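Both of the next two complexes hold chain A, though its partner changes from chain B to chain C.
Moving on, here comes the complex of A and B:
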């Protein structure tokens, strides 16, 4: 068995890539990474272990992965079919608007113009594609001229049909050549990516890698060990003085980066194939018309590394929102139930790479203080945060999810009672059937949020010693509920709305006197004594907010008995 | 047994992981080889001195910093090019992301033959201002003296809380049932092999970084004053 340990970020990407290429050997079960065949592949905390038999069929899987990731072949087949369909549909007046928008940004006047211009537009696009696709162009041989197409539109359709036919019939050849084109861009010239290799590329890869790896027939260097694992003998003639990748920042010239000015990189065949698999560990995403690649570097464990990259992949491929990384970060915090150390949370970095360029990777990260990381790691906080995963508010037609917003406020140190005020305003508006505002948050959730803010202020922001506890907050919450019940019993339910609104306003501007005034008047009007616990609200601003909002949430709350019981249990 | 205890503070540091180039990643605390190298430099060692250490610390956070790194580059014979004579290379700069740990309070315990520890203590400020991590990551030394650790037995009734981050031997962590981040960390290199190959090949140690937990069983070395565990990693 060969062991491969987590290492630098590119090597880690290589491990993820290697696992992705061999994805038939593992699965994620109950949120853990498990091997389907421990004789071939095993997972340790910070290493993977595999038998050389794993390389059986590796070349094909490697090519398949690159071919699918590149995606050109499938995309073009689809596009050509679309072209044919659009050509056929262009005479039908029903499709005018759609096609006009799709090809001409809606600039055409009528269907007649579309019928004339569409074939030429598609032909131009087709030709442009062919200019970057030599193999297909060569096989297609002659294309009709523009004049021919003007005279006879179907000649373009025939050419497109022919292209599809050629691609389907020669799939294997396209497969080989596309993989080479794609990876050469990323890795430079190595093995089958060498410029002089223009046929039997798969065979070359098979002979260079799969076979010698599987049979353990790689010739070893007599002098050098592998600089990466430092355990295995280096492969003969594999001094990587050209570096591992274009953007890795290591090349024979940057000698001041290396100990003793010696930029030699002897690698063993195992570390070499790991590095050679890194493309498969990255997630490609279209951004501003070009493809960039994302990778989360996490070194806490193999399990985290693989799962976090899967999570990122899921988010990147399903959601296109501006806040991709915030969404990712939010989920990563909520899903990782077994983060081993606060440091791992503090050190999550997402790398964005432009592989075709020698530019440096961009690093995105969130700066988390130790206290904040601890706050987010705390099970209770995590559970409470998770309660907001389906909540939103709407201002007119704009819908905003609450959880990412909370996370953003936490990261920015802006998580404060004013956010609670905003949500309460939306809640009260929703109750009044407002046209402009809507939310699905409940008073009980608002009270949970209140507790979270309280905890955040005491544990993370620090320097504040609150004179109250969370229990005090829940006690006051039930006092609020008590008042609501009292009003209901006196047939004064309609008063709740107006009182709440006044209280909300007093809280917004931090007016303790006004707040107490409203309370006293209300309690007195119904012949009740104001609970003594309210004295505490007068002590300082934070206490006032924490307790004031608790009361208001309680007053608004309509909880069933079971939920109330649950809270009592949880909070003693 | 006498240990040399060093306490220090660093505003900012990068404890670079080996092989991280265009994005300089960092360990949470200075790795074994860095501390070992520091010791050997300060005592002006000409050969390897067996050493064991316990590295602990508490830091405020990690930030990613975009820095200009000075690089040697290929000569392209352009007019504006600055050539570094003697190296026959061109001077170039390139932006690079560097992960930095900040606000680090370190406590390091060293075990070696006493004469060397004595020498380390005497020499520490003599050669140059001490740094740990990169050359520019200066360390302010707040305390350096010998201590006598004590052995204590822990149980359900007498527990020890781990308050700071620290590296543990993998075996210790397993024994204690503590989990954290597993690192396979460079410790020392083979000089003979290095001279022969012109490259440093390191002997590695399996360590676990943990930053919280309880010790509920077993007998361990403790620094009474700090109430911390001392788990020496090394070869004596």
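Moving on, here comes the complex of A and C:
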């Protein structure tokens, strides 16, 4: 049996990856890590123990894991099928809106235009995919020209069909090639990942790793022990490039950094394969259009390490359907920050890896302050934040999701009332049927955001003693609603817009006097008592903002909107 | 900010300022007791001033004014049948305005006279609060402003003697007093940015009859005569200070209805 102990974070990721690749041998039962076959794999407190028989079939499992994690093959098959379907459906007028939105952001006028433009659009997208998918491009050989497609749309459909057919018939080859492309990016050019290896990659991996590991046939160094485990003899002539080189800055190209220009470093074959498995220990997460990788380095025990990463993976990679839902992705961002907060509070390190950079992967270890972690972990805050998962605003054609933006502001310590002002501006613009701005956020949500900012300022930023409570804020919110109702009852609903706009402006520039002036005038004009809590707004800027925005949000209250909607519906 | 309170009543005696102060106290008591205590339990500069305007079609008569149990005088009373008074208020502090407005809303009517005080020929006078409306304020952005007094400006020297605009020490005392007032934490918390310069344009001396309980008790006299300055003048200083003065009034006794000014031109 070979023993592998917990080590540095990369090694630990390797252990998790190694276990994930061999996931048929264990399970989590009653929150404990349990082996299904103790002859092959055993769990210790801070180590795992396995028999070399575990490597039987390892190459295939390793390839499968990488292939699935990359996911390109399956995604493209689906996408091509979708293209064909959309092409076939484009003549049907019923699908106009859906396709117009999907491919052209709703810019097309009619079905005729769609019929003309869709094949060209899909062709462009298809070509772009092929430019990054050499194997498929090579096998497809000739593509029809744009002119041919214009004349005969079905030629594009035929090409897509052909691509699907080629992919299905040559799945094995695509499997090998995709694994190589994917892992080369992560590890560099080790073994089968070498650029010069362009066929029989699986065989190469099998011969380089599975076989010698299983049979214990690796040639050992006569002198040195492995620098990682210090137990086993090092493998003969290992060049330090087993995936770790990128992180440690060691590879044959940088031998001038190394003593005696000798890039060989003693590492045993077991530690090498552990390091080589670390990709499988990471959880890929889509973030801002690229994939980043998360790893939780909980190094108190194997049990914790595996379970925490499993948990993270379960949370962050639930079913991604083909039509990616906006709220799913925005929620992921919330969940990842939330987990990060939990780990921070438990003193566990979370790492984010950006592997897209070809020369040197970047590792970000998060540094949340305790207060911020506490803030994100607080159930109420999390619940409140979740309420924004489907919200967006649009400036012209650019649509921006609100939740990720909030998370960014929180993490950067920039979560402040000016963000609220921006959203309110978009809200008022939307109410006025603006062509340039649009948002689906409601005044009630804006008020929740106001509370969140208030809590963030008092609990995280600290050093601020607020003279008001959240209750005061909601009281004022309802006062704002009350004023809106009053104006409506006096047939002065149109005043709400102009008053709100002026209040928003006063809040934007932080002009307390202007704000109070507008407020007092309005109340006096209608002979109503002025909410006395406003006196408190004058004490400092934060209180002013917290209460001022509360009032404005209330004044804009969504009953207005609901009522308007009702009118629209009634009027047809 | 400035507001106008429209009051319905049929008579008003020439001694009215102390009753306006009572009106404020009553209103504040109804809406913000703490603030009333803050303003009136102790000597503190009031962050406002006021000015009562009588309608032009008033008639002045002589009548017996019962100031309190001990004092009664024969003096001018204005008759304003079916008429309205306008009480103009200018304030720096929104808490004052909000609390006053809310208090007046709850008050509806104010007893100008009680059983023994401020009776006119034995008749009790009542003020009906009809309407409170906001007024526009002129923004002050330059270093020199032409002001017109709405109510006379009172400047007193260290011995409480009145100083007239024509006195060469007028500007000196004006600066002294203003510095003292601005220093109060609830006004500005800081003295003038730069000294004030006062140039009379068309000023007059004006003597005002006034009464206060403390004065009567101390001196045994029913009425005090205050010498004030009214008319048009040019005031130079830092715009920030000029704006505060525009809001709280100029000189002594602004809380008793003196020193309220209006921007001219």
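Here is the rule we use: the second predicted complex is superposed on the first by the 304 of 572 C-alpha atoms of A that agree within 3 Å, B and C clash if a C-alpha of one lies under 4 Å from a C-alpha of the other, contacts with A are read in each partner's own complex, and residues count from 1 in each chain.
Assume a residue touches a chain if its C-beta (ideal position, glycine included) is under 8 Å from a C-beta of that chain, and two chains touch if they have at least 3 such contacts.
In this text the structure is predicted, and so the values were computed from the model without any measurement.
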Query: Does chain B (first) or chain C (second) touch A:283, or do both, or does neither?
result: neither
Task: Would you check which partner chain A:100 touches, where first means chain B only, second means chain C only, and both and neither mean what they say?
output: neither
- prompt: A:550 contacts which: chain B (first), chain C (second), both, neither?
  reply: neither
Message: Under the stated touch criterion, which partner chain does A:475 make contact with: chain B (first), chain C (second), both, or neither?
response: neither
Field: Partner chain(s) touched by A:500 [first = chain B, second = chain C, both, neither]
entry: neither
- prompt: Counting only touches as set out at the top, which of chain B and chain C does A:381 meet: first, second, both, neither?
  reply: neither
Message: By residue count, which of the two partners contacts chain A more extensively, chain B or chain C?
response: B
Query: Given the touch rule stated above, what does A:451 touch, chain B (first), chain C (second), both, or neither?
result: neither
Set intersection of chain A contacts, chain C complex versus chain B complex: none
Message: Which residues of chain A touch chain C once you look at their complex with the stated criterion?
response: 513, 516-517, 520-521, 523-525, 527-530, 532, 534-535, 538
- request: Going by the contact rule at the top, pick out the chain B residues touching chain A in the complex.
  value: 17-23, 25-26, 28, 58-64, 70-74, 87, 89-90, 94-97, 99, 165, 179-184, 193, 196-202, 204, 209-212
- request: Going by the contact rule at the top, pick out the chain C residues touching chain A in the complex.
  value: 1, 3, 31-32, 35, 94-95, 97-99, 101-102, 105-106, 131-134
Message: Which residues of chain A touch chain B once you look at their complex with the stated criterion?
response: 5-11, 45-47, 223-225, 227-228, 230, 247-250, 253-257, 259-262, 264, 266, 297, 299-301, 340-344, 346-347, 349, 351, 360-363, 365, 367-370, 373
